[in-house]
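Input: structures, listed below.
Two complexes are shown next, each including chain A; its partner changes from chain B in the first to chain C in the second.
And then the complex of A and B:
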């Protein structure tokens, strides 16, 4: 930034962008603030008094969730299938994305589009057939069933993102490695994968995100043993009437893992997106 | 960079093909199968040919839901794309403030869909919600559970809240990849802020914006959980979008035949629109490699 005949002109613009930013952040955070505040209120305070801050600060709602296995196992179940899904998606998408980024082969464009169509398929279309498919191979109500079902939209997305990253790596690197006598597997695992580590991080982030937030398929494919926290929330709401405090606390607890993941990938979010297909 | 022809690349894509075929082709065939048959209580099937299709094409229910869906996706794109670009332009450029903004902006993206619905329910309700109470205290007769307009406004506000960040993050990444030489050249030419945006930033954002439009179109077109939790499709059918209608039909009433025919037509509409997008993307990619 050089000095400064333009500084008088620049001042108003800077202030404008700060105003836009602050307004947007307020818009994002006020609903979340309300959820957090509500999770620390008792139900009678929620229903009878309108307070911006809890009068009687209570951890009762969190205690209810963290001491009852039918609640907290939901978080465990969600983590298991999200992790499974991320690992499976990356494992199959990595070689495929490499093929798409490096080679022309029979039917490649059609195949790529066909993969993308699965990202476009509404989960609502697949809910019932999935239920029947996974019941018929007796995988209903298992973590692997949900993980595989989420592959439907996460694998195409992973291929798409990874392909963008791999295109940014010059071909000469592959060729040099092959000339130095590296076999494909050794080259891929020792040289190539470390080079696209940021891309893998971003892809894992997206797989985690879309698997963690999905409700319709995970609810349809589970009943007890693998029931995710998101489905438990909907059931409890309808069964016990309106236990707003516990509902809010459960909601807050689903936001925390996401916030932690974002914190870890924060430097990748911008750089990572930019390295890809930009 | 020219790609080499190598048919052995098929070995590398085979796992993906098998996995996706297992989770999409087999279920899809079930759907096709059901769409030509009628059933009593889920067994005893018999062939009805194209009856479900012609019945659905004549039913107002489908066309109404499709109309609502198209209007919704259109409004969403109209608000979220420009707003996302504006947010990306307003982001701090570096330092801890930039990291903080990134983390806060990305937060709504990682909240489960039904929790998003719950947040807006708790926020918007006229008895316990901050938004609902404030609007009523200001003299508006706001109630998203009973008034169709309020329900639409709330669902749209919720989607803007939920997804504008995705557009903003993509655009931010696009802006970061513009070399600073471009800005210096613009400064020498004394270009206005608007022409910097119009002739430098916007063209460079084209690639990410296509992705953003494609993702936002697809996801808003199949939106289910958030409006389902918030309004349940109501009041009446005011916010019954295609997915909500379909799930009602398939899992609620267990009308396998009509639901299957509905599914296929739904999918075809998305496929058609997305194919147009994809073709445009490919041709733009080609343009860029030529340059």
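And then the complex of A and C:
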């Protein structure tokens, strides 16, 4: 036994945990990989051959999107209403969350709970009333219309997440500031907001994300001027056959903003998913 | 500059935190609120500060009614048990912030901040952020911010409770100096009788939302008005036994009798409660003029130079604090004794029995 320890050592130990992890990651990445690869292929290659890597590497698809206004305006429109929505949601949710975290008022618990039930209904329920309402007040096909409609989901979510973060700040800090002579506005902007900056970042991310991926309301409430990229991607199907490559390129470009935003709030995401209650 | 509370009370969720009480704090005095946890110290402070509004009663500051006034308009500062600083500001900016609100000139602010930093030994860490400094330094920073604007009323709610032993001793020894330098009314809440004595000034003992006694700290300690005050103002708690007075003498359960001293001689005959503090209990055979009891040991706690002995004697459970290290076996029987002059007598209602002459009656430690 002691004669051959060296040969025993040479046997590589199989690390199952690593193998399972790698397999899982590959499995997750396959659709994204396929999308990215497709976006660099020509339509004929996509339809006629099974290739793991583009034979003819082309930027043609991206060029189409970035030069054709009917494509790139979709991104611009999406960005406008997503940004509007994020700003409005935060502006409304910050004071609301502060009130929920600091004061006790009649029905506060019920109101807090009912806020969240807005998220329980499918957006389709609200498509009809929003469409009719916005048409009659001539908000149809404007960015603000979509931004306001998305507030229906995002404001309650933002209030929940922010309240969780604010609850973690001891009330004594507020009181100390007031005794020091701070007025409410000054205290809120100079002292309180810096303390919950990570929470605001996470909340902004969630508002951004939900507004960015939402399709049904944004498609229903727009026709031309404010048409979002997600709607354009679905409608291209019926145009001149199916432009696989361009669609794939559009898909890649749609993933990127989310990935960038996630990068900046990555350390707080878990707390955000737990609605700030960790 | 006086703070006067008149019949203020406070309850929350059906629980009474403060029963109607009146209190007057004089200009430039140190006032200690002494009481166990949830005796109402914090509630009372919050009423004084105007952070909470009393359910009834009024609060006067310099004779002016300030009940319900915004805290921004009040001349106050508060230091909490938790270390409260503004985490997004440096120590310097933390201390400077109340002055910036008052729109003082930057030269004035700079001078004042450095003066406070010097006083609280923060000069070398002025540029640091609060989460980069130790707990003791964080509390120093909070105290500096409270004192920098020269308010008339400084409230400190157990400011040293979250500090470790060494830092606590160090900072506690500085508080009288800070108080003297400020000229403000200090209100200092604590659960420790020792701290109240060290700080001097006045003590208000609190018990279940009531102020049981208010007066100069030493006087309250030596002449507690009632049994509860004596209990609150003793650590470990005061030991009690029953005693009967008759024919000019107190008759103890041990069978011994001692003549009541001059102030107490004319107390009516009857049952009384006798109380004494832990450090008056002695171990050993009785000598002349001392009370003696047979005691059975329950447990000992050795602090290093002193020993706490928990004993059963005269049908009661007592705690004694004796110098030196004693190693008794649990259940062991031995003799303890006690000087009758160190005993406080309380009547059946729990009030201190002072007899006809409260001045000479009892002055005991």
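A few comments on the model shown:
Keep in mind that, in the parts below, the second predicted complex is superposed on the first by the 249 of 278 C-alpha atoms of A that agree within 3 Å, B and C clash if a C-alpha of one lies under 4 Å from a C-alpha of the other, contacts with A are read in each partner's own complex, and residues count from 1 in each chain.
What we mean here is this: a contact is a pair of C-beta atoms (placed from the backbone, for glycine too) under 8 Å apart; a residue touches a chain by one contact, two chains touch by 3 or more.
The shown structure was predicted, so the numbers you read here are calculated from the model rather than taken from an experiment.
Annotation for chain A, partner touching more residues between chain B and chain C: B.
Applying the stated contact rule after C-alpha superposition, one finds that A:195 touches chain C and leaves chain B untouched. Of the two partner chains placed around the shared chain by superposition, neither chain B nor chain C is touched by A:80.
By the touch criterion defined above, A:173 reaches chain C but does not reach chain B. After overlaying the two complexes on the shared chain, residue contacts for A:183 are found with chain C alone; chain B is out of touch.
In the superposition on chain A, A:36 contacts neither chain B nor chain C. Residues common to the contacts of chain A with chain B and with chain C across the two structures: 170.
Chain C contributes residues 49, 51, 70-72, 74, 76-78, 80, 82, 84, 86-89, 97-98, 101-102, 142, 145, 149 to its touches with chain A in the complex. Residue ranges on chain A touching chain B, taken from their complex, read 6, 13, 16-18, 20-21, 24-25, 27-32, 34-35, 38, 46-47, 50, 52, 88, 91-93, 95-96, 98-100, 102-106, 108-109, 111, 113, 115-130, 132-133, 148-149, 151-152, 155-156, 159, 167, 170-171, 209, 212-216, 220, 229-230, 233-234, 244, 247-248, 251, 254-255, 257-259, 261-263, 266-267, 269-274, 276-278. Of all residues in chain B, those touching chain A in their complex are 1, 3-10, 12-13, 15-17, 19-20, 22-24, 26-28, 30-31, 86-87, 89-92, 98-99, 101-115, 118-120, 122-123, 127-131, 133, 161, 164-165, 169-170, 172-174, 176-177, 187, 193, 207-208, 211, 218, 221-222, 224-225, 229, 242-244, 246-247, 250-251, 256, 259, 263, 266-267, 270-271, 274-275, 278, 282. Touching chain C in their complex are the following residues of chain A: 170, 172-173, 175-183, 186, 191, 194-195.
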